[in-house]
Structure formats: structure tokens, C-alpha cells
Amino acid sequence: MDVKSFIAKRVAREFKDGNLVNLGIGLPTMVANYVPENINVIFQSENGFIGLGPAPAPEQLDPAITNAGGIPVTVKPGAAFFDSATSFGIIRGGHVDYTVLGALQVDEKGNIANYMIPGKMVPGMGGAMDLLTGAKKVIVAMEHTAKGSLKILKKCNLPLTAINAVDLIVTEMGVIEVTPEGLVLKEINPEYTVEQVQAATEATLIIKGKPEIMKLD
Amino acid sequence: MDVKSFIAKRVAREFKDGNLVNLGIGLPTMVANYVPENINVIFQSENGFIGLGPAPAPEQLDPAITNAGGIPVTVKPGAAFFDSATSFGIIRGGHVDYTVLGALQVDEKGNIANYMIPGKMVPGMGGAMDLLTGAKKVIVAMEHTAKGSLKILKKCNLPLTAINAVDLIVTEMGVIEVTPEGLVLKEINPEYTVEQVQAATEATLIIKGKPEIMKLD
Amino acid sequence: MNKLINIEQAIDLIKDGDTIFVGGFLGVGSPHRLIDALVKRGTKNLILICNDTGTPEVGVGKLVVNKQFRKIIASHIGTNKETGRQMMEGETEVELVPQGTLIEQIRSAGYGLGGVLTPTGLGTEYAKGKQIINVDGKDYLLEKPLFADVAIIAATKADKFGNLFYHGATRNFNNITSSAAKITIAEVEELVEIGDIDPDIVHTPGIFVEYLVNGGK
Amino acid sequence: MNKLINIEQAIDLIKDGDTIFVGGFLGVGSPHRLIDALVKRGTKNLILICNDTGTPEVGVGKLVVNKQFRKIIASHIGTNKETGRQMMEGETEVELVPQGTLIEQIRSAGYGLGGVLTPTGLGTEYAKGKQIINVDGKDYLLEKPLFADVAIIAATKADKFGNLFYHGATRNFNNITSSAAKITIAEVEELVEIGDIDPDIVHTPGIFVEYLVNGGK
């Protein structure tokens, strides 16, 4: 299993039956493929619906039904379409149980930067600021480092998308919980040692006993 | 023609083709009966629709379709139902051309009191405060006095429903416009003299030339 | 995720002292069976947030007559003399709010807003004690969110996921209140299978509805 | 009250320097024929308010490529490199706004609110220069209304009064923007007679739509 699928599969284990979940573009989108079969997770698409389903077969393709990345999708039975005001009411109002997003940087306060690199890349925040502010739980799903450069920091230095927002960070190395005391390494991929994970992390990881082994099933 | 019908008929002459109009309970409701046949006026009902039609025939009665007084009505072709947030968005947002309401008191600043008599009658403002604030033009349709006691005052002494809100007052005696200078008697019912109208009005009426004769057709 | 419960189970969810939203406009679109069962149960010291208090014989007015509220927040109480009597005699606290403001306060709660600014009621006694905020030279009242513990609402049709559809003027406060209560219980005239309501015409997404009661027509 | 006009007449309504809303989300639900005609006309110095700037080849992005905007207000520009280039090189002013905030600002304009309070963006660079208002111990940003001269939107179906129905995820910003522009022009795939859309399923009441353009599928 490739690194991204590994991360996506671990994220999917967080969900409980009936949860409403919003998945960001890229790696987070893959999480939908790994939801355990015994639970029913409902996906929201911030462009205006609940009940996001898989990609359409060619004969199912409907240009009016796309995800927040503009990619054609399907809707499941029980879906509902709405306008952007309702969509972001759902998001801002705390009705989304989990939002899963990627990040450029995360820090030990749960601050997150994922929408711009000044002078270089300024795509805009889209719905990310609302999702980070409104979702009950925020999961950052990303590779632990960006080609070796550290992303889990003491303090983000890129413009923040939201402050004190992140609850859980899932990478190929482990699962890190953001707590008032700092970042707690809860689970570790057995392919790495605690020292290796710490070396790939600028913030000091808090180790409470022995971290559990990352489980995917 | 009785006094109330006379007032309602005169009010209806204010409307232009395509106007969106909200009619209050009581006398204002009667205005719908007198809209000239050559224009199309659209009525809004603040409980949640546009396209209010006349009372239903017994076989048309639908308990889900009532006006803001809870009375069964019909809807015309092209009607649209919506929730209270949209209904008051339409009202507050300035999309209603005319609101026609009754009043306990109106004064020369266009202040209006029509929702309570402290210690005696406190029904609540319902949608009246929003209508008075949001409608492009406010028409007060009422009998000129309440059994002889004056209602068109220098200054309202009952709790106000809205300040500087009224544009036009239509009574059985005449048509009075609220202007920055005060109340201008624009039209008069030929059954009365200017002196009689003034005697029934606490505020000083401004007479610019000879008031026109109130016309109903 | 079975949301269907019986009326007794629904009434169990409302505790003495709770704040409740009740949908409906003069009883049109009110959850009449839930109201009757709540009258029978006699749950006390409730705070009501509702457009109006119906009449002594219809809708939420029956709960007023049964003295189940310690406080009532509504836009209009004039159709129920018992509400006025309880207010005048100091038995029940009554807070009157403009209808358009009331629905925005509820929406703010459900949609994660700290409140809205509205011109409605400026300069009147209603504005007393409220914070005034000037935006670009114009004054507005700051209106804060209104939450509830339980919303009891009515809908014409629901699927088993809780997606709701309303006919006619019954949508009124039902739609928005569902977003702002910890628990929403919808009494529905017709219950259909998931997938039987076209996602394009859902008025209230099922995620806002925790429980369904089959109310019949 | 004939609202049906041709595309050239529609484009005549947009003047150099106007502020325009354009509906759509990455081109899904955008008024593509109106956009193409506006590109052809070359109307200049426009201010755009839109969820995103599409791609250089799709949707409102074509207008960006044609350099018709002096300012762009959007939540996301990352899918159109030309927008980023114009911003970086100082050719076009770009203001990035969180998606949920943007739609509430437009709704505030259309619905007569002085603005809303939202927690989105608190503590980030986005919040700089914005008024912070504390409500019951919690901070919020004051977000002001956003108006436009003209809204060009798209709908799946319209009757000749302008009642609109949207399929799938095409509703997005189309619905709300129609309330906040002086003139709304809806490009519709299918035009039907008044009375042919069930009043229960109208998404945008026709009073918000000044003109209709028959766009075809």
C-alpha cells in the first residue's frame, strides 16, 4: 500500500456510524475509499450537498453533480442538494463531525497553515477557514515531511488558515493528538522508531507510555 | 360604498404593474379586491409565499395555504413558497414595493404606533416592524379617527412600531403624504372641507394649493 | 441510525426546564400530535421560542393554557388571550421579538454566527438595552443567537434519514429551527423510504433531524 | 412584465465599471453563454464577486484572461493561474474571502442586514483590519454586506415570471446573489410557462429575477 493510501486508511478508522464528514481535495478525498463496511458515514460536499457518492460510471455522468474540486461524482440515496449559504451554515454551525484536510504546516497549538505561501502560491482559503472553525473535529492527513522539510512545527511561520483548530494529525509515521500540553504521539507506524518520528518533527512530541502500533483494520 | 372599502379602493390606485405588495390584517387585506384590472400586482404573505390569491372555494381549501392571519387562501400561478428566513429577507431587504398597514397612531415625522397599548393590549409586533423598516413605501390605511379620538398626531404617545417609516396615509377624509416638512394634504374627499380634515387631525396639515379630489378610478 | 420513534419516546426527550422551539405559524405547520402529547405529559418550566402562541385551542397555545412555560419568546401573542393574561399578571415572562429578527436569531444559532445586525426596531422601545453597531454610517441592532434544547417541528413528508419536504406555507420556522436545537424531532404526515425524495427538492437536510414521529395526516 | 431578453440585451445591462456577481462553483452552475457574450463585448473595469475564478478556459476565468476586472473578490483563485499572475504583478486587485463568509456577506446585502458576526478567520491575517465584536465572551469578526449592480446567474429551469429551479450542485451562489444585485439576469436551460413549476419546489422566487435569457442546455 502506498503512503497516501496508508494515511487515508488510518484516518477512516476514526469515524463512527452516522458521522457527517467533509473531505478536502487530494489525499483526504481518498479517505472515502476506506470507510469500514460496518458503519455508515455521510459525506458533505461544500459546493452544496450531503450524500456524496463515488465517481460515476460513464453512463451516470451528470455535469451538475461534482465535488468541491469540480470533479464529477454521484450522490447516494437520501442525498440533499442546497445552496452555499446552507452548505456553510452546516459547516460553520458545528454540524460536521469531522473535516479532513491536508496542511503545509501544523504546530503544537493546533494552528494550521494550508492556504498560501506569500509571493509564491496564493490560491485562497476557499472553504477551509470555515471548515477548520466549524467542524467538531479537525483531522490533518498528510505526509509527515515535505521531501524532508519539516511540517509539524513548534510554531507555523506561514500565514495561518485557523488558530487552535487541529485535533489529530495522521501521517505515514504515526498519529499525533493535539492537546493543551502539546503534541502527543498516540500511535506509531512500526516501521519507524519514536526517535525517527521525533527527528522528522520540529515540535517536541509528548510520549505517554509506549505509543500504540498504528492499526488500519 | 362603506368607509373601509372606500379607503381600500383608494390605496389600490397607488400600485403599478409588477409591484410586490404586502397587506396587513383587517382593512388592508381588502385592498386586494380593488387592484385595477389593467395591472398585475403580486402579493406577498409574510408567513411564507409570494403569489397570494383570493379565498378558496370550498373544494379548493388547503389547510397548508393560509395568509398571515391564518385564514385559508389560494395561490396564483407563478407562486413560490419559502421559509420565514427567506420571507423576511424579502421584506427586510427592500424587495417589497408597498406595505399597507393599519395604525393606532401616526405622526408628522412618519412615526407609527400600531402594536401595543401598554397595560391594555400587547399583541406583539409580529412582522410589522420588519415590514415598516424594509418596504420601499409604507402606506397607512385607516379610518381618520377612532370614534372621534385623533390618530394623526404631532407626536405619537404610544410605543412606536417604527420611526420615520410612513410615506402615505389614506383615510376616508383624504390622502396625506409624509414629507420632511410635515404632513401634506394631497387629496381630499369632496364630502369634507379642508377645515374639517384639519379638525380631525392633531398635526398641522400643509396645504400646497388646492388639494386634489380623491379619485377612486 | 433508526430515527423513527413513537410519540411517548419523543416526549421523553423534553425535560422540565428545557428551552424548546415549536414550528408553525398560528398553528399552520405545527406538530399538533407532539403538542397534544406534551400537554398530556405536563412537562413544566419550559422556555418557548415560537413565532406566535397560536390560540387557546390550536397549536402551541394549548401548552400556554396548561401553564407549561416559564418564559415565552415570540413575535406575536395577540391571538391567544391566555398568553396576554399570564404576561399581565406576571405568571409568565414574555419577550416579544420582531418576526424577521427572531428567525435570524435562530438561524445564527444553527449556522454558527455570533449574531446579525438588523435595522428592525431601531428607535423603538424594542431597541432598549440592545447594542447598536454602526456600519458605514448606518445604525443597526446587534441580535444574538437563540439556541434550544429541543425543536419539535412538523413536515409534510420525510424519508427515513430525516430529509424533510414541506407543502404550502407550513415551512415557516420549521426549516431553520431544526438547525439550532440539540435535538430536533419532526412529526411527519407521510414517511417514505430513503431515496424516495428527489435530492433537488429536499427543504431540510436529514442531518438536522435527530428523530422522526409518524404523525399521519 | 416580459422578462425574457436576448443575450445582447442582457450584456447591454452591464456597464463599464460595474460590480457583478457571477454564479457558479468552478464553472458548475455558471451562466456560460452570458460569460462568453461578455467576453466578446469586452466590458471593462468590472469588479467581480464570485466564489472562484474558474479556469482560464472555463467559466468566469475567461473574463479574467480577457482582463475585464479591476478587482476580484473570491474565496479561491487557485484553479486559474492567470488570476494569480495578475494579482502578483499588481494588474488586478484580489481580495480573498472565506467561502462561507462571502455568501453571508452577499445574503446580508440581499436580506437587509447590516452584516453578520462570524468566527471564521479569527486570529489569522484575514482578520487584520476587521472589527472584532465580542458576544457573550466570544469574539467574532464583523462582516459587512456585499452588493452588486448586476448578477448573472444560471438555473436549470425557469418559468416566465422568473421562478428558478436548480438541479444538483448548480444552486451554489446563484440563489443568494439574485437577492443582492440591482439587476439579476438568469440564463436558463429550460423555460416553461407560469404555473409550470410547483410553488413548493421553487428555489429562487421570481421577484429576485429581473431578466431571463434562454440559454438552452
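Things worth noting here:
Which chain is which? They are A, B, C and D, in the order written, and residues in each are numbered from 1.
Here is the rule we go by: contacts are C-beta pairs under 8 Å (C-beta built on N, C-alpha and C of every residue); 3 or more make two chains touch, one makes a residue touch a chain.
As the structure is a prediction and not an experimental result, all values here were calculated from the model.
When the partners of subunit A are compared with those of subunit C, the chains appearing in both lists are D. Taking B-D and B-C together, the chain pair joined by more C-beta contacts is B-C. The distance from the centre of subunit B to the centre of subunit D, each centre being the mean of the chain's C-alpha atoms, comes to 35 Å.
Taking the mean of the C-alpha atoms as each chain's centre, subunit A and subunit D sit 29 Å apart. Distance from the subunit A centre to the subunit B centre is 55 Å, each centre being the mean of its Cα atoms.
Chain contacts: subunit D has residues 104, 107, 112-113, 118-119, 166-168, 200 touching two or more partner chains. For subunit B, the set of residues touching two or more other chains reads 49, 81-82, 88-89, 91-92, 133-134.
Of all possible chain pairs, the ones that touch are A-C, A-D, B-C, B-D, C-D.
Note for the complex: subunit A touches subunit D at residues 45-49, 62-66, 68-70, 81-85, 87-89, 91-92, 119, 121-130, 133-134, 159-164. Taken together, the subunit D residues at the contact with subunit A in this complex read 25-29, 51-52, 74-79, 84, 87-88, 94, 96, 98-101, 103-104, 107, 118-126, 156, 166-176, 203.
Contacts from subunit C toward subunit A in the complex involve residues 1, 107, 109-113, 159, 161, 163, 179-180, 194-195, 199-200, 202, 205-208. The part of subunit B that touches subunit D in the complex is made up of residues 17-18, 20, 40, 42, 49-51, 75, 77-82, 86, 88-95, 133-134. Residues 104, 108, 112-119, 133, 135-136, 138, 140, 142, 144-145, 165-168, 199-201 of subunit C are the ones touching subunit D in the complex.
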